[in-house]
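Take a look at the structures below.
Below, subunit A partners subunit B and then partners subunit C, in two separate complexes.
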Partner chain A sequence: MSATWKLLFIGEPGAGKTTCIAAVSDIEPVSTDVGCTDELAQIKETTTVALDYGELDLGRDGRLLLYGLPGQSRFRFMFDVVKEGLLGVAVLVDATRADPLRGLRETLATYADEFRELPCVLCLNKQEVPARGLLESCQRLLGEFGLVAPVLVIDARRRSDVVRIFDMLFLLLEQSSVRIDRQEMVAWH
Partner chain B sequence: MSRPQIQSPSLKIHCGNLAVEEVGALRRLLNLLASHLRYPWELVEDLTTAHLVILNVDQPGALGTATAARVIGCATKPAAHPDAKMHRPLRAYELLAVLSEIKPSDTPQPQVDRHADDWRYKLRSWPLDLAAYGRDQLTIMAAITREYRCASELAIRTGVAVNVVSECLQTLSRLGLLEGEPEQRRLPRVDPQELGRWHSLASRVGQLLGFRR
Partner chain C sequence: MALGVPDRVRCAGALSELFARCEGVEAALLALRDGRPFVEKFRNPVDAGRLAAMTSSLAALGQSALKELKAGALDHILIEGGEGKLVISTVPGTGGLLLLAVLAARDARLGLVLGQSKICCQAVAAAIPEVSRK
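Now for the complex of A and B:
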């Protein structure tokens, strides 16, 4: 038997979920990308229609499964699939979008109850120095949903920035009294 | 024989929650006022070294409950705001008046608050400028992100010296980032089993990805 733990990257299309998982996964990330046919095609060639999946082999400590889920409310059912053994959540925001808070608001409105029970970080991606106003707006939005979480400015293409997300999530996990049921699974290998 | 030059200590100013353009304006005003100021000045990122913190109190919750003398609030309508001493945008004459009252040596060194264990604290929100905080401070913030904890409990839980914990709590309090509640218990509750629960997993992931534990 091997313990499996999970981390979730969640956010609107193009926020950087696939890139984050690919940066650290031991396996070739499993992705459900398809070509964009709607207005998203102006931003990126492909988008994830279901979920991204990667994993880290922790040796005797088991495996850390990495999931990327879309943040829109219509995909809410997918969260229920991954929530068992979930250690923390990184909410990703594309800071370069015309209205970066729109997708974030929908994600928080859909998942705030779950996020309040877990280590959670908000990651502003794709802009090295986001406007202070955007940082403040994100912080305010978190507050509106009763969430207290650090806001990290990242470039998901840089592995070191993705590692910072893990560092912060595990710091929150270690220092909180969060109770997470350990998931036992038969090892796949 | 020439007199030895005595280097005046500089007045360290932290801009708290001021917007980037407001910090730029402050810098320009200070440059203009330089010849009228009693002490050289510098803007600092590190709150713990600051002699003066300037806060935008128009922002809800900016000042918090436990304010210190060295925190100066500014607001668009200071007359209507009890915590504001200056206008926002900042005005040169008000800045000069405020800075004339403060000298670097006036600033009390952070001390261990003897009554810290009478209160438990929880973060209202994380500071935005995370780079201004060291590992110990981030660890303390992580420990009060979801739960109320008193200083000694935090010291035991985080392994950070109690005076560093108190300094950090004071800093967060000055920035209005803390909420507090009276401590009801006589002794801090720290369950050793709970402390170690995630440590080995975090260490293992840190070892694989390259972050320190």
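Now for the complex of A and C:
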């Protein structure tokens, strides 16, 4: 049986989770989007309330199972549903929002403990050239929650950009494996 | 057809009726489809925000499963645990706008909980202006 790898996309409504998964999935993505009933309806018709799911065939290397979760704290329990065997997480931010850090702050406040244990990439979506200082503000905010993560500028509709997220996550995973091996060696000696 | 804002007082009344008619009900909550509480009534304190979010997630997952299996629209979900049972129902005629979650004790009669949940949903549907005119 070939190996399966689980990766997670997470972020505020409209950040691009569903779009990322749809851009690369070999199967028709499973979606749990429903119509918004609050002020979000002004900027987005639907929002994910449980999860998005897609799959990507990696040939002999197995399959990537792709999950998208809402970043709002009230859906925190959904993380427990998918966390088993999770290899990495991409945190998505809608860079065009008037206050792009607001949703990110809520996501980090809710999940920082989990993200510290996983390879993590922050993705600024929807704007080729993010507003001046946004990258630095994101890095600062990550730092406030004790997180260090690369920040990528992406267009979630582009398959190549989503593949770039995977490349970065697997690179981080490789590095963390090396680091763990070294720590184990030190502990052994 | 756009729906009006549900009448909170009438919705709360429908939940009270449910408590009165069905022994063993511990909590009843109306959640908006995107996971926010609308009206709730609890015998003991329950985190309404969490229950509303779980209600919308479970309903959305149930609907997705039914869609994949070509098994029609979601009517209700039943989850039975060692200490209680949870019934999540869609309020008819609202396009999934409102969901009813009813938590009942382990020894509550399932048929009664399901039946009274359905009656409660109908009462709630009647408390939404456009739906009541149908």
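Convention: the second predicted complex is superposed on the first by the 168 of 189 C-alpha atoms of A that agree within 3 Å, B and C clash if a C-alpha of one lies under 4 Å from a C-alpha of the other, contacts with A are read in each partner's own complex, and residues count from 1 in each chain.
Methods note: a residue touches a chain if its C-beta (ideal position, glycine included) is under 8 Å from a C-beta of that chain, and two chains touch if they have at least 3 such contacts.
As the structure is a computational prediction, the values presented were derived from the model and not from experiment.
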- request: Classify the contacts of A:L64 with the two partner chains as first (subunit B alone), second (subunit C alone), both, or neither.
  value: first
- request: Using the touch definition from the top, say if A:L173 reaches subunit B (first), subunit C (second), both or neither.
  value: first
Message: For A:A50, using the defined touch cut-off, is the partner it touches subunit B, subunit C, both, or neither? Pick first, second, both or neither.
response: second
Message: Quick check for you: in the superposed arrangement, does A:I27 touch first (subunit B), second (subunit C), both or neither?
response: neither
- request: Once the structures are superposed on A, label A:A149 by its partner contacts, choosing first (subunit B), second (subunit C), both or neither.
  value: first
- prompt: Where does A:A109 make contact in the superposed view: on subunit B (first), on subunit C (second), on both, or on neither?
  reply: neither
Field: Which partner reaches more residues of subunit A (counting touched residues only), subunit B or subunit C
entry: B
Field: In the complex, subunit A residues that touch subunit C
entry: 30-38, 40, 47, 49-51, 72, 74-75, 77-78
- line: Listed in rising order, the residues of subunit C that touch subunit A in the complex are 32-36, 49-50, 52-54, 56-58, 60-61, 63-64, 68, 95-97
Message: Help me check something: in the complex, which residues belonging to subunit B touch subunit A?
response: 17, 19-20, 59, 122-126, 128, 130, 138-139, 141-143, 145-147, 157-158, 194, 198-202, 204-206, 208-211, 213
For the subunit A and subunit B complex, residues of the former touching the latter: 5, 24, 56, 58-59, 61, 64, 131-133, 135-136, 139, 142-143, 148-152, 163-164, 166-168, 170-178
